[in-house]
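So, here come the structures, one by one.
Both of the next two complexes hold chain A, though its partner changes from chain B to chain C.
Right, the complex of A and B next:
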């Protein structure tokens, strides 16, 4: 109950700060009330849900690829000490590259369209999932793996019955970051070269100085991202409590 | 170099050689990718001709300013909020979803607030880096033993003095991790903002070359960004490992 009140207070402070910023910036930043009205109008309009579907499809594919690929690579690397120590610095430097500079290559390889967006979202999301799941497996108490080996579990069984359940809290932390970055990747992809989707909608609004629409789309995205993250965070907290 | 270092070197080197061969023998078309050796030659020519000096120095200055702001503000905000656990618990879900937002979209707003020029780009880089620093500050302060805080209280240190004389030195290795992340994120923010929105800087030059089908310049500039960021990160990584080892972590 108290936590709910605190969260509402944070939201109130954020909205108040936004209102103050609106007074400072004038028309360059729509007021919270104006944005809410515009967001409502957008959601009742005809074209908006088509853009949402476009972004949602790209995001869904990217997230699926990032999570499945990231877990497969991360768990496999994590089980081998040499492989994971070799891979870690390489992965960390890939993680910190400004991947947007690589977008032209992706466009040249995949062409304009859904697949380029999916590829771009995936390369943003997959690296943190790999890093987190790899480190989660490396930090497992060695006795778990020894026990699994003495029971002659196959590699797949070992991953399914021992590694994943034991490393789950860390894996969920990785998924949370992967979620955020995949969304960011898809949106950046749409902002740079796309004719559909929410990123395009934002970019188009910037081009036409339609600040209301721009801020309204960002607000909708922010609400979705915060809700999804809060859900994953709650799951994470429960898992961490279960683990200790 | 250690054995692991050699393996790593071999993998990265092997990948580059493989890419080179695939480009040379036409497995990858020349319109998609030019061979890495060509990129390097092209980059060398670009650097010698001095055509990109302005963009390069502008980007580096922007990144440096964003990093300085992000580290200073992130540390200050992180230490204040860390002292207020209730506030911290309430804002954590917001911090966690922070990186999903495309801040670039606020570029027009920043132009109105700060004027045209480098300030809006620096602000975007700063916004990218600052939260990583805040989270690292939380993380470092969480590990400060209670005895140290009590000692500070016994010496009647004020909150600012405690933060600077006790908490900052103790949490240094974790804060350094935050600095490392702030550097990486500031690079990402500044270059991405230039790429999508600005009309100067390295990111813009890449987008410009792409839009003009000037693949050779584009790949040379990409190589420059990749090498630059990798070298900076590698140096920070070594420094971090050394700090952690000295602390026995």
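Right, the complex of A and C next:
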């Protein structure tokens, strides 16, 4: 109950700040009420859900690849001390690299369309998933593995029943960051080289100086991202609670 | 190893180390650390054997090698007539010094953990888990998670987890090292009860003189590194003993005998001089 009140309070403050900004900035930022109206109109229009489906598809593929690939690589590296020591500085460098600089190369390789967006989303999301799951496994207390060996677990069972559950809280932290970065990657991909999707919708609105539509799409994306993040955060908190 | 006839293992020998050494290789390719041996040791079927020695003498290495957790550098390990390889053989259960309970599982799931890898059907898993919960006094905590329990309770969970596997040889590596003195006495009694009930062979690694003197049939006294068995002492306790034997005059005699053997070694281990 208290949490709910707090949350509503934060939302109220944000909306108020937005309104003030609108008064200051004028046309560059639509008012909250205007944005909500436009968002409602968009959601009842005929083209909007096509764009959502486009972005959703690209995001779904990217996230799947980032999570499955990231976990496979991260867990494997984490179980091998030498490999993870070599890989860590490389991964951290890749992580801090502004990946938008790689976009021309990706376009050349994958061409315009879904595959380029998926590739761009994946390279954004996969790195944090790798880094977090790798470090989660490296930080495991060695006694867990000794205990598992003393109970004659096979290597696969050891990973499935000990390594993954023990590392899960950390892995979920990685997934949370991977989730936002994948969405970021997909949207950037759509902004620069696409004729469909929510990223395209934003860029197109900017091109036509349709501030209402631009802010409305941003609002919808923000709501979705914040809700997803909150859900993962709640999961994360529950897992960390069990493990301390 | 003087005569090859020594290799014939008598029927009541449950596990045996012959000429076992363990050298940890140095990272820079140097001579490495000679941690253990050569050790010759026979555990009789059903006995309670304690290994006592100064800190850092290779006691834990001895347990690792005997259980198959790490291979010996030289020598041979035999359990129930078969050589021990690089895996822990079926029939050996280990309780570690550190808290090895899994915090993401309930006490009940922790205890059933080792049973849930096929071969044991669900009803049997439940039956054995219930028994272990009751035996270790954990019934009220079956649904708790280990982080909610005290150190002593968590170690009970680990013992129960080993117990359900019905090991014929139980190895304990300073299992009560992290517990306070009273809890240690109580856990010692429980260990004796478990040993009587299961009829398993028990090897307890400890650095506590009283623990070794009170619990064991035989005590192997180890030297400072590289660990060798200096002497083996028979205590002569009856099978239904418990911690009240601490007031028995024989207990004092055993303890002082142990200390006279260990004193010089302990001083060596802490780097002091043995004079005075």
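The rule we apply is simple: the second predicted complex is superposed on the first by the 241 of 244 C-alpha atoms of A that agree within 3 Å, B and C clash if a C-alpha of one lies under 4 Å from a C-alpha of the other, contacts with A are read in each partner's own complex, and residues count from 1 in each chain.
We adopt the following convention: a residue touches a chain if its C-beta (ideal position, glycine included) is under 8 Å from a C-beta of that chain, and two chains touch if they have at least 3 such contacts.
Bear in mind that the values here come from a model prediction, so they are computed numbers and not experimental data.
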> Which one hits more chain A residues, chain B or chain C?
Replying inline: B
> Of the two partner chains, chain B (first) and chain C (second), which one does A:151 touch, if any: first, second, both, or neither?
Replying inline: second
> Where does A:68 make contact in the superposed view: on chain B (first), on chain C (second), on both, or on neither?
Replying inline: neither
> Can A:3 be said to touch chain B (first), chain C (second), both, or neither?
Replying inline: first
> Touching A:162 in the superposition: chain B (first), chain C (second), both, neither?
Replying inline: second
> Is A:41 touching the first partner chain B, the second partner chain C, both, or neither of them?
Replying inline: neither
>> Quick check on the superposed pair: does A:104 touch chain B, chain C, both, or neither? Answer first, second, both or neither.
In response: first
>> Per the contact definition, I'd like the list of chain B residues that touch chain A in the complex.
In response: 4, 7-8, 11-12, 31-33, 86-87, 89-94, 96-102, 104-109, 111-113, 181, 183-185, 187-188, 191-192, 195-196, 203, 206-207, 210, 218, 221-222, 225-226, 229-230, 233-234, 237
>> Quick check: in the complex, which residue numbers of chain A touch chain C?
In response: 141, 143-144, 146-147, 149-154, 157, 161-162, 165-166, 168, 242-244
> Where on chain A is chain B touching in the complex?
Replying inline: 3, 6-7, 9-10, 14, 24-26, 28-29, 82, 85-86, 89-90, 92-93, 95-105, 107-109, 176-177, 179-181, 183-184, 187-188, 191-192, 199, 202-203, 206, 209, 211, 214, 217-218, 221-222, 225-226, 228-230, 232-233
>> Help me check something: in the complex, which residues belonging to chain C touch chain A?
In response: 67, 69, 87-88, 90, 92-94, 96, 98-100, 102-105, 113-114, 117, 145, 147, 158, 161, 165
